[in-house]
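I'd like to ask you about the structure that follows.
Just so it is clear, A, B and C label the chains in written order, and each chain counts residues from 1 on its own.
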Amino acid sequence: MSKIGTIFLKEFKGYFLSPMAYVIITVFLLIGGFFFYVMISHFSMVSFQLAQYGYPESEININDMVLRPFSMNLSLILLMVIPMITMRLVAEERKSGTAELLLTAPVSPWHVILGKFLAAVGMIGVLALLSFAYPLICLLIGDPDPGPMLTSVLGLFLLGSAFVSCGLLASAASENQIVAAVATFGFLLLLWVVNWASIVTEGTLSNVLEYLSVLSHYEEFAKGIIDTKHIVFLLSLIFFPLFLSAQLLAARHGR
Amino acid sequence: MRKIARYVSVIGVVALAVGLLLSMIPSVSSSVPDLLVILGVVFLVAWPLSSLLTLKRSQARVFFGSATLGMGMLLVLVILVLLNVLGARYTLRWDVTRSGRFSLSQQTKRVLASLPEKVQVLAFFPEGEGQDARDLLTEYAASSRRFFFQFTDPDRHPEKALEYKIRDYGAMVFTMGTRHERVTSATENDFTSALARLMSEETTWVRFLTGHGERRVEEEDKEGLSQLAALLQDEGYRTEETLLLRDGLPSVSDVLLIAGATTPLLPTEMDSLLAFVRRGGNLFVCLEPHPGPGLEGLLRPWGVEPRSDVILDASGIGSLFGMSEVVPLVAHYEENHAITQHFSAATFFPLCRSLSLADSLPQGIEATCIATTSEASWGETGSLDAPEISFEPGMDTEGPLCVLAAISWDRSDLGDTSSAIPGRMVVAGDIDFASNGFLRISANGDLFMNCLSWLAQREELIGIRPKEVRGGAMMLSAQAARSIFYLVVLVMPGAVLLPGLIVWLRRR
Amino acid sequence: MIDVKDLHKRFGEVEALHGVNFCVQRHEILGFLGPNAAGKTTTMRILTGFLSPDEGSVSVAGYHIPGQSMDVRRSIGYLPENVTLYTEMTARAFLEYMAALKEVPKERRHAALDSVIERCEIGSVQHRLIKGLSKGYRQRIGLAQAIVHDPKVVILDEPTVGLDPKQIHEVRKLIKELGRDHTVILCSHILSEVGATCDRIAIIHQGTVVAQDTTQGLISRMEGALPVKLEVRGPEDDVRAFLNALQNTELVTLTADDQGINVAELRIPAEPLFRERLVQAIVEQGWGLRSLLPSGTSLEDVFLELTREERQ
């Protein structure tokens, strides 16, 4: 347990000792901030128009028009930055040779995988916390419903963790960071759009594809709904790649 | 011990399979298969679990080592899939929104719990639209294992639209067994009503009034209504012609259709019709061109007055569809009425009279014009045989003109306390739009069916009020907008980038 | 302390190890000698649990591979070949990290770090980032992490590669010191290094251990035929006949120049007295003995001999 903590601390600090974390967070905030500004200005414009034509202002609300679509945008940005967060986790150690130090110390594959996973999840936690600034701005200037604000952050965190888990598997499977990043991005994108195929398929297959789409699970968090179904799915999506990564390390390095 | 566990796991597989199979049969109550599924999973994992517990350390490596790596992964995958199957079936759901806007009412939950078989909803929306409908349908599906829905873009799947005779966006077809219900507005009230109608043993009758030169359902020529009758039957209605003097008044749950009477109704008939309407009967009045049979007496108490004119449309748009000036194009619909909420397709009303709605109505009556012609139309009062027809101010009515009006009233306000069921009436200035010659043109059929669904509501469910969503406009001053821009696009990213740069420089 | 039995390891088509056997006694420095690509590093990686053997077993400090990899790794400190460290960390932070992973209790960690930093003489750079340090310092930091948890066994894979002579000297001194309290395996392809530091030597060649013995034992094993170079002034034919007639001696070459000086290469029995008797006999013949020199460094010969045999 303490070894997981040790690896977590080392990896998490490692993000902030190299420029990587700052670049990732800056990119996240820059794109997120831009989206947010565009949406909030649009909302303001619609508000003006409603007032001009004398419609009741209860016709619109900031949750539906800004926060909910913005949550979807945030998750898309996550999809783009997570390969950058996870690519180095294992691949770098294998490439540089430090894996030999790490894996000849008395640590089990689960220690290594969980420690590194938690470090990347820590990054997601930082991003999720920072992303909370946007609803807070809304809270200052408008009257949003706080419930969905909180569930969105929870959803973003779970979704990010699931993405990290997939990215970690790619990093554990490949020695090349770029390959790991591209594979992660491709796989996550596939998970993103897999339900599109449910349009052309029928019956059970269609339902399964729909179920596999991470978007449909995350969407409900953004709405303001907590459903154990989505939590079970996302936790499974977190666990299975972690399990595979640990098995991969174990198989390769003979536990 | 391990041997026993192995047999137990076989029992587990069987229990799981039987449980899942049983759960697909709708008539079996859901607790039996659920129990079997849970037992199945517990038994199924008994074997690998017991093997794991009794493994020695060196064997553990063999079990999870490279030799059986694939097996181990498969086992975990199977367990995860089972967990997800169970997780999707047994859910806890919390709606944390301020107004509980995604929570269904108790009535809806009762109706959903009593669904006897699978209900499939097909929602026709363009890609990416219909968010409200999707949210609401998701809640229904989450509350019932027998409720399924699917979104279809009618432009991408014209065959589906054809199959359900949908010509416009926003229609949702609820199907249970062979019965269909069409809903056009995404409110809990409408959805739950549709479910209740699907489940009810009685079918709604659409009774065609006869005896006054009305259009006939068996007539197959251009003016007849045979196609309308067929469409109604497809939608699950039953049709019958009725003679008031012979058959008496229909039941209030039915819809009485006056499909263009040409001779006046007898005073006794008039009285009993009024009584029917007052009692909460649903009436659909389609007028013939002036001079009509004098149904004004029937309509006037509800604030609707048909004008003695014929609507002409000089916009020329109708000619694009091969229509002449006497067939005005209707493309403006009332967005705030359930019938036309999502309706936008063009409809055509040949030889139509315009309707005028009274400015003030008795308490409790609400009359809404739900479809109007274009501004290039007018109500011609002169003879159509004149060589030169044009808009004459003072004599003709200026467009846009109302062709379709929906009236509803709260009966308690009318002094009738026998029931809370509100009455409903739809008045169309024309019958030809639903005749064989025009029913299939553009969205005429859809509009007619929407009117009929609204009329045929099951009224005991009216208690479901739409959720209050606290809205609120938010107007940013230019200054505030600029501040937000600087904050989110410059300050926040900069506040991270700067320490990043410092760290990078210091560690170089 | 260490017992390696019949290790086999195959990487795809290449059979890296086929039947590696050796053992190391407690507090012994074993030189694990072999040419490049002989299987040294693979063997060490199996010992340290980084790779798993296809066949065979390892026992370290009473624990076994396969099965008790964790315990084995707890007992071993390992300096990998071409040691790569976490370059973004400071030396001390790195050592602290490794100490934590190697289960040095938190309260003893500080003292353990101070101790290895002093032993490996890296105190002056302990707060600097590893990426800015020289190869010599990195090597010593690598060594420090290998011994930070005071393991029973220390395995060093080519610890002096890329160091300058002064650094090599220091590292060797350190290894010698280690041998006092630890069991050490020193992998190297450099004979002099192994000869100078190790108590015993195992020679690996093409995936098997071809010889293992004490350093002296190995040398004397070959001294059964110690090669010497002899310069004698005298009649060529007589000298040849004399040398051929010597017992236990093999005359390899004999060349004579026109001044009557014969240069002979021959193998003689290793016992020192034989050489004295030989000198005496030559002098008694009345010939001029110009020199009698052992030819070549002995360990090199052992090594070449063993690996040559294997090649044949």
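Convention: a contact is a pair of C-beta atoms (placed from the backbone, for glycine too) under 8 Å apart; a residue touches a chain by one contact, two chains touch by 3 or more.
Predicted model, so just to flag it, every value in this text is computed and none were measured.
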Per-chain CA centroid nearest to the all-protein CA mean: A
Chain pair, A-C or A-B, that carries the greater number of C-beta contacts: A-B
Chain centre separation in whole Å, for subunit C relative to subunit B (CA means): 85
Centre-to-centre distance between subunit C and subunit A (centres being mean Cα positions), rounded to whole Å: 52
Distance from subunit B to subunit A - Cα centre to Cα centre, in angstrom: 36
Residue list for subunit A, restricted to those that touch at least two other chains: 17-18, 255
Shared-contact residues (touching 2 or more other chains) in subunit C: 66, 88
Subunit B: positions in contact with at least two other chains: 61, 507
Residues of subunit C touching subunit A in the complex: 45-46, 48-53, 65-66, 69-71, 73-74, 76, 78, 80, 82-86, 88-89, 97-98, 100-103, 145
Residues of subunit A that touch subunit C when the two form their complex: 2-3, 6-7, 10, 14, 17-18, 96-98, 100-108, 253-255
Complex contacts: residues of subunit A adjacent to subunit B: 16-19, 21-23, 25-26, 29-30, 32-34, 36-37, 40-41, 43-44, 46-48, 50-51, 56-64, 130, 133-134, 137, 141-143, 145-148, 150-151, 199, 211, 220, 223-229, 232-233, 236, 239-240, 243-244, 247, 250-251, 255
Sites on subunit B touched by subunit A in the complex: 61, 64-66, 69, 72-73, 76-77, 80, 83-84, 87-88, 90-99, 101-102, 135, 138, 142, 156, 469-476, 480-481, 484-485, 487-489, 492-493, 496-497, 499-501, 503-504, 507
